[in-house]
Amino acid sequence: MIIVMKPNAKKESIDNILRLIKEKGLDVHISAGKEVTIIGVIGDKSKLSCCNLEIAEDVDHILPVTESYKLANKKFHPEPTIVKVGNTTIGGDELCVMSGPCAVESAHQVLETAIAIKKSGATILRGGAYKPRTSPYSFQGLEEEGLKYMKEAREATGLAVVCEVTSLAAIEAAVKYVDMLQIGARNMQNFYLLKEAGKTGLPVLLKRGLAATIEDWLNASEYIISEGNPNVVLCERGIRTFETATRNTLDISAVPVIKHKSHLPIIVDPSHATGVRRYIAPLAKCAIAAGADGLMIETHPDPATALSDGPQSLTFDQFDELCNELRPYAKLAGKRF
Amino acid sequence: MIIVMKPNAKKESIDNILRLIKEKGLDVHISAGKEVTIIGVIGDKSKLSCCNLEIAEDVDHILPVTESYKLANKKFHPEPTIVKVGNTTIGGDELCVMSGPCAVESAHQVLETAIAIKKSGATILRGGAYKPRTSPYSFQGLEEEGLKYMKEAREATGLAVVCEVTSLAAIEAAVKYVDMLQIGARNMQNFYLLKEAGKTGLPVLLKRGLAATIEDWLNASEYIISEGNPNVVLCERGIRTFETATRNTLDISAVPVIKHKSHLPIIVDPSHATGVRRYIAPLAKCAIAAGADGLMIETHPDPATALSDGPQSLTFDQFDELCNELRPYAKLAGKRF
Amino acid sequence: MIIVMKPNAKKESIDNILRLIKEKGLDVHISAGKEVTIIGVIGDKSKLSCCNLEIAEDVDHILPVTESYKLANKKFHPEPTIVKVGNTTIGGDELCVMSGPCAVESAHQVLETAIAIKKSGATILRGGAYKPRTSPYSFQGLEEEGLKYMKEAREATGLAVVCEVTSLAAIEAAVKYVDMLQIGARNMQNFYLLKEAGKTGLPVLLKRGLAATIEDWLNASEYIISEGNPNVVLCERGIRTFETATRNTLDISAVPVIKHKSHLPIIVDPSHATGVRRYIAPLAKCAIAAGADGLMIETHPDPATALSDGPQSLTFDQFDELCNELRPYAKLAGKRF
Amino acid sequence: MIIVMKPNAKKESIDNILRLIKEKGLDVHISAGKEVTIIGVIGDKSKLSCCNLEIAEDVDHILPVTESYKLANKKFHPEPTIVKVGNTTIGGDELCVMSGPCAVESAHQVLETAIAIKKSGATILRGGAYKPRTSPYSFQGLEEEGLKYMKEAREATGLAVVCEVTSLAAIEAAVKYVDMLQIGARNMQNFYLLKEAGKTGLPVLLKRGLAATIEDWLNASEYIISEGNPNVVLCERGIRTFETATRNTLDISAVPVIKHKSHLPIIVDPSHATGVRRYIAPLAKCAIAAGADGLMIETHPDPATALSDGPQSLTFDQFDELCNELRPYAKLAGKRF
């Protein structure tokens, strides 16, 4: 942490800062430049958390030097994390493709989907039983009944199963049925939910919030990991910008940035990022080329009658064709698929 | 709802759309232009929710005509809503000033604050007992103990009390102690929490999410109101943009936009919007000039030692001076303060 | 400038950095923390401009300590700049109201407008003769003929006149007719144009770009001032965000931020910021309450037939009523109007 | 164009709108729904440009139905445009790689670069002679002298040459030396410059503005094409968002969106999009996977001493390695490279 003083800061103001820092048992380095004096703080900065140095006399501003996340930080854990979900892994040399409907609608729909996507190469079945919808007048999900259908499909096909959870009650239900919990974009900073998900020990798929910086996102993962659960997979699904040609703006750079800053695996969800079916295939290829560990792609037996997000869902034939197109990209990226 | 067909859409494609709409018992108007044919749908569009017309053959795009929120919409409820909280009201001819610390730290701190802000003219005491913090290593709040201190301060001063809730457990605790529940920006689309807050019947202060459009925000309020609880107060607290000179960007236009589109009261929180103490006074004046029904402003007995958000907190003297400066602005805006 | 090294940076890497800096005649301070070593550079950093230290071995990142703009920086020029335009001033104790049509359409329109706005209290007539329009199929302006009409209106009323310039040719024409040049939002980083405007010595109204940070904006002003022309007035007119309820998002915080960081005057244009007539009055009051030195507000004799931006233009009666409403706000802010 | 009336709009208000539209010789369709009446306008909407219907009595809002750009619109020109530059083409079955330094520094630097990048497979040499820099204290370019060095490198190697132009004077100089003009992001809405570039007949590389929507961008291209010059190549180089881990946010979705909406070729510039060398290779692969027609990548003989943007420049060895990595991606995408 570096404290930049105002030009012509008074000696007493500087001495006051030094005193405050030393009182906490920390060390300092002073550097008096031509324009300004800067003070570097050495030691465990968390001890300073109740010293609001920014408003001390003659302080101009404060610069952080190190990242606020530790457990998710590659600097301190250089080895990549590989998360095991059912019989598949994410973060290693497999390309993990998750697929299924936005919303679980019926046992038949889910089973039919599971069989189809497995044939095409997916290893994890997704499906929403608790749906966070912008309007209360949209379909809100089948809740626990939906989870049961997911489990049945898992038993029938051997696919692993991931479902979004939106409350403690949903977590308590989900742990009985699923292999992986999903925290959606709108709950990425629902820290209470993150901690509860962390406590289950189940792998957690953490989607990026629409307004979350990569640093916010890694800090959110830190809430899960600090509960003793290192099995976090990040999912880039678009951020909110001024562009309206796509529903959100896929921040594809997040893939190499995460690979540089963190040891956690990262997958990409082109379905939610664009909201438009015709853009899913090119962006799925992009994701692999950028180094992603997997993909989440929505499919539906009959997108035209889907209760949620039909326009961005692929039919089984379209999904199968896409998987075939993705194979050579996976190979180039050194991933099995 | 208007369906815009592609140029040269086939007659069968248009007939197919007409059939789908009529099957749902809705009426249509066709308008064949030089470039494109458009189809207007007449009647209750919610019947079409499972028809994903966007992906039907030859459809170019779909334009919504009416807003998705109904209960919060001024078109259908032209009279302004006035929310009663303790002995004060929000949305009528009073300017409601809420103040207090970001985080509750001790019984003494809260009581001292309550006495000071009451003297300056505030009528609602704020204070966080459940703190959503970006990093798990920051202070997380005193939880129920904090709520108790808030209630004691209420009993001692007669001020009403508002606290943020971040989970069902927090709501269940808070209803025993507070006059108003706050849903924070990070939980604005935690729809589960919105519904639970709605069920309590207590007034709800709904902060705008960092990436929420005004339409998203009004849809979020709809979750509360549709539980039979019309006592919603909106709070603009800045949105996330590319500008970094302030912590967030205060969207002051949201005040007149909400006044135009909704009957709900709206207040402004310049403390969180800017994150910088020196910008609070000019933006508080702005809020009143823009037509806001109230303000939320952070105060602390000793900002330099605050456990949370010290740099944006005012001392009691600064707060008192600000209230004196705000009075003539309130008068100009036709509000008592 | 501070250079933050990677954890476990090699001694040779650090020595290499030190050598590079010392070769340029600059001094350093090293601070070896527990996690990382940081190196502070002391002296004239412009000497380092061709040393791309960011890509030197073992460098993690570089933190700037001081702002890149100097001439516009309040730290080095604490006295506020007062810009004289015709018989009026901007930045002193007057509230300067500029008004007129988006586009100059005829001599009659401009003269009629000048007479009306002068009666209401405006002191500068605005009017676009060179129009930067998003689509080439929209009206592009009367060019030099429009400038002549502006000058005629100036002579008839004594108002000062400001016109946007979009090219060197436009500047060369405008200097013959106007009192102040306007650089529009879309040209804020047209550095060639900024320099040419600077050379004229005329006061320059510099609108903020839609994607410009406040630092970018002050750097743009630096291009004008460094040509020996200190007469720059900044104009906040909204930035581009995800919100679509208003055309742009008025960043009202920019007013106190600029007042804190720079000595340049700042005015606000609520017409372009919102694009909607009904939001202009509340935001004009806001601007004054936030400390702005003036306003730019579009008026038109008959907005319903305006060739450009009719929906955001006020009629003369609406403008007169607005000016009357603004007077007590100006008085509260200590400004004559 | 569709006019949505307010609920309970008066009959006279509707009649007034109908009269206004019919006066312009246009036809209408009225659709009276349960909540609102909507009016569709049929015919050439440009005739309505001076009717500001938005502010007519009882109008709620207006919805555009068709895009504002025509010449760049795939709906009206379904065949892809192939632009010939020197001996190479963009938009056909070649992958066009442009490379070179951010700023031209010397004849030697440019020639050395041209020889190296040609060997690796690039076909167009880029190099900035007129540099738009955020701060006036940064290196501003060698201007015409720089253009000469570019032409010498062209003659020595046979590569085509592209240079940015920032003023009419720069265009007049550049036409003597280069094969393609570049309009930079900061000048994307410098409509005067777009028209002048259009008039030269030379191919134009049009970079996307930092705050430009895809629709704004296509409208900007329309300024060039409407001067009779169809040789426009678009270049996605990142937009401005709240994320700061990369300099800008590469909007990779723009590639398939442009391919869907326009017939113009599109290339991607990962160097400026990220500003960080280590992210260039993954994003270059992405661009090809997304369907881009080419790439622009910065190289420099010695990035550590580059006068501009060194941290994002590749060395010749890094560039050669990248080209080798890109070849199988180009092949998968059906492009020769």
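First chain written, first letter: the chains are A, B, C and D, and each begins at residue 1.
Just so it is clear, a residue touches a chain if its C-beta (ideal position, glycine included) is under 8 Å from a C-beta of that chain, and two chains touch if they have at least 3 such contacts.
None of these values were measured; they are calculated from a predicted model.
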Selected from B-D, A-D or B-C, interface repeating A-C by over half of its contact pairs: B-D
Farthest chain (mean CA position) relative to chain B: D
Inter-centroid spacing, chain D versus chain B (mean Cα positions, whole Å): 38
Centroid spacing, where centroids are CA-atom means, of chain A and chain D in whole angstrom: 31
Mean-CA-position distance for chain D and chain C (Å): 26
Touching two or more other chains - residue numbers and ranges from chain B: 211, 239-242, 244
Residue ranges of chain C in contact with chain A within the complex: 2, 4, 6-7, 29, 31-36, 38, 40, 42-44, 63, 65-66, 75, 240-242, 244
Chain D partner contacts - residues on chain A that touch it in the complex: 211, 213-215, 239, 241-246, 249-257, 260-261, 273-274, 278-279, 282-283, 285-286, 288-291, 328-329, 332
Interfacial residue positions of chain A with respect to chain B in the complex: 46, 49-52, 54-56, 68-70, 130, 132-140, 166-170, 186-187, 189-193, 195, 209-211, 216, 219, 222-223, 226, 239-240, 277, 303-307, 310-311
